[in-house]
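Chain nomenclature is as follows: A, B, C and D, assigned in order of appearance, with residue numbering initiated at 1 for each chain independently.
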């Protein structure tokens, strides 16, 4: 941490800063400049907040030297985190493709989609049962009934299921069913929810908030990791900018940046990051070419009848074509789309 | 709602759109253009989502004509909503000034602050007891102990208390203490929480999300209003932009825009919207000059010792000076800072 | 300047950084931390770019301590810059109100507007004659003919004229007519143009770019000041964000921030920063309440017939009402709207 | 164009709108809704601005149906525009790779770089001679001397040269040397410059502005195309957002969006869009995987000695490795990196 004094600081103010640095168990090193002085605070320093120093009298600014996140940092853990998700692994050489509808709408819809995406090469199934909708007048999801249909789809296809949790109150019922908890963009800083999930031992798919920085995403992951849950997957899903031809702006830079900063697996959601089915395959290819460890894609058997997100959902045929392209890109990256170990145990 | 067909649409596709419009109980009016056709859908139409129409074959785009929010709209309710908050009213001629520390840190800190802001002219007291912190390694708040101290401060000063709720699980304990529930920026789209609060009959102070549009803020208010709770106050608190000299960018435009679109009271939080004590008074004056119905301001007896947000907290003297300026601006706007009816019942 | 080494830096790399610091005439002070080392470079250091240090082997990051702008900085020049604009002064106690149409459309239009805004209390006249239009199919301005009409308006009303320059090629013809050169948002970083204007001795009204930071605005002012032109007025005119209910987002924070960082006068353009006549007066009041030194406002005798920006132009009556409110706010700020010294020399 | 009336519009206001529509040579079709009326204006309508209708009395909003750009639109010209750049073609099956230093610094630097990038597989050479620098105290380029060195590099390597033009005043001297004029991000809306370039018959590489929408980029291209210059290449180079770990945010979505909206070739600049050499190859691969027609990349023989942009410049070896990866991705996309026809005519 570097503390920069104001040009007209007084000796008393400098003394105050030095005391405060020492009081935090750090060693101050002072450099006198032409107009100002700077204090470098050295030590085992992992206080995240710079607040206590910024407000001291005579201080102009405080600059962080070390990263505010620890457990997720690649500095502390240079090797990739690799962990299994019921039948395949994520974070290593294998590419994960999670696919399925925005919402579970009916038993037949989710089973049909599950078989279609499995056949096309997906290795996990997504589907929402509690839907965060901007309008109170919209469809809000099937709830536990939806979880039962997803479990049936898992049994038939062998694919683990990925479901969004919106509130701590849903934790108990979801624990009985889901393999991977998805934390949506709007909940990335719902710290109570993150704490609760950090205490489970299920894989967490943590989506980046609409206006969250990469550093904030890593700080939210820290909540999960600090609870002892090491199975955290990060997901870029587009950020909000001034551009309006797409629903969001895919921050493709986030892929190589995150791969450099953290050992956690990083995937991309081209459905939300573009908001338009026409652009999903192009951005999915880009993600894998940029080094992503996987994709989460919305697929619906009949997008024009979807109760939500139909505009950005791929038909199963388009998804199958996308997977073919992803397999080719993966090969160039010396990787492969993870095969599913488990057999399809039931037709439909 | 206007549906625009693609330039090369087929008669069958147009037929499909017409059927879908009718199936939603609306009357289609078709206009044939040079390259395209447009269908105006007329009726008592308050479906928020355009999704079902955007995904139809042959459709280029769908444009909304009417606003997606109803209960909060000034069209439906031209008069200002005015309601009492324990001793004064908000939304009418009176300006509300809510002040207090970011976090309740101790009994003495909150009591001292309460008396100081009351004396300076504040009419409500704020203080956080459950703190949403970006780092799991930071102070997380005093919990119910903090609520007790706030209640004591209310008793002594006569000011109602405004406290942030972060999760539904805190609702029961908070109901026993608080006068106004604050929903923080990060929870603006925590729809489960909004539903729960919509069923209470306490005033809700709903803060705009960091990257939420004004329309999205109004849609979140709709969740509260739809539950029957009519006491909703909207709060602009800065949005995230590329500018970094301030913590956020105060969207001062939001004040006249919201006053035009909705009948709900609108206040501004200059502490979070600037992130720096030096700028708070200037932005507070600007807010009232722009037509805001009130302010919520962070005040701390000793900002350099605050456990959070010290950098943006005013000292009591600076706050008192700010209130003087606000009173002068209010007068020009033909308004006044609301007096507190209740006496100070205890010294400290 | 602080240079932070990578955690695994080598002694040779540190040596290289030290040599480079010395080669730039600076004195290095080294602090060895737990994981890294930092080098504080001390000296008369006004190199703007950190590039030469960022690219050295073993360097993690470089942080600036001193501001990159010099001539415009309040550190170097604590008193406000105050200078005359033909009949009144700007930057001191007086508030400047510049008003007029987006484009000069005809002799009668500009004369009518000039008399109307003068009568309402404006002290300078604006009007565009070379128009930057996003479409090549739109009206592009009257050119020198427009300048002649503006000069006639000046003669009749006594108000100096403010005109946008779009290109160096327009400089010679404009020098014969204009009192204040306006540099538009799109040209804020047209450095060739800035250099050319820095060599004139006319007042320059420099508008902030649509996505320019406050620091970048001050760096552009530096181009003008470095040429010896000390009469520079800065203008906040809204930035581009994700919000779409207004044309731009007024960065009201920029007013107190700029007043703190620089001694140059700072004004606000509520017409462009909102894009909607309904919001202009509210934001104009907010600007003066926040400490702005003036306003530049679009006024048109018949907005529904304006060739450009009609939507955001005030009618003369609405402008007159706005000036009344501004006068009241100015009084509270212990300021006044600057009177015009010169008489109206011709009726119309 | 759709004109929506305010809920309380009067018959006279509706009549006024209808007259105005007719006065513009369009046919109005009126639909009466529950609360409002809408007027669809049908005809050969290519007025870009909606202004004249937005300001009519009683009008709530005006919505565009057809695109505001014509000549660049894929609707009007469904086939890709393909054109030669001295030795290879762009816009068709071949991928263009333009490489070179940010600034031409010396004869030896540019010749060394030219041979290195040619050997690695580049097919055009970039280099700046007039530099737009945010600070007046920074290196501003070699001017015509730099153009001579670039011409020599072209002669030796057979590669056409791409150089940024900053001002109309540079046009004459540059015309003698350059093959492709680059219009930088800051000049994307320098309409005078665009007009001048539209009258040349040189290829123009038009970079997207830092905060320009995709539609605005296409409107700027319209200025070039309207002048009769059909050789326009569009370049995504990152937009400004709140994220700060990278210099800009690469809008990778812009690649498929632009390929859908326009017939013009689209390339990406991963050096500026990331600002960091570590991320350039990943984003270059992503661009080609997303469908880009080429890349423009900064390469410097010794980045740590570059006078500008060293941080984001690749060393020749890293560039050669990147080209290998791009060739592999191109193959999957059924494309190839364009070979250079001309021989290397001089060693160095």
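The definition used in the following text is that a residue touches a chain if its C-beta (ideal position, glycine included) is under 8 Å from a C-beta of that chain, and two chains touch if they have at least 3 such contacts.
From a predicted model like this one, the values you see are computed outputs, not experimental measurements.
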Identify the chains in contact with chain A as well as chain C, in label order. B, D
Ordered by label, the neighbours common to chain A and chain D are B, C
Separation of the C-alpha centres, chain B versus chain C, in whole Å, is 32
Centroid from C-alpha atoms only, then distance chain B to chain D, rounded to Å. What do you get? 40
Would you mind pulling out the distance in Å between where the CA atoms of chain C average out and where those of chain D do? 27
If you look at chain C, which of its residues touch at least two other chains? 211, 240-242, 244
Give every residue of chain B touching chain A within the complex, in rising order. 46-49, 51-52, 54-57, 68, 132-138, 166-169, 186-187, 189-193, 195, 210-211, 216, 219-220, 222-223, 226, 240, 303-304, 306, 308-311
What residues of chain B sit close enough to touch chain C in their complex? 211, 213-215, 239, 241-246, 249-257, 260-261, 273-274, 278-279, 282-283, 285-291, 325, 328-329, 332
Can you list the residues on chain B that touch chain D in the complex? 2, 4, 7, 29, 31-36, 38, 40, 42-45, 63, 65-66, 75, 240-242, 244
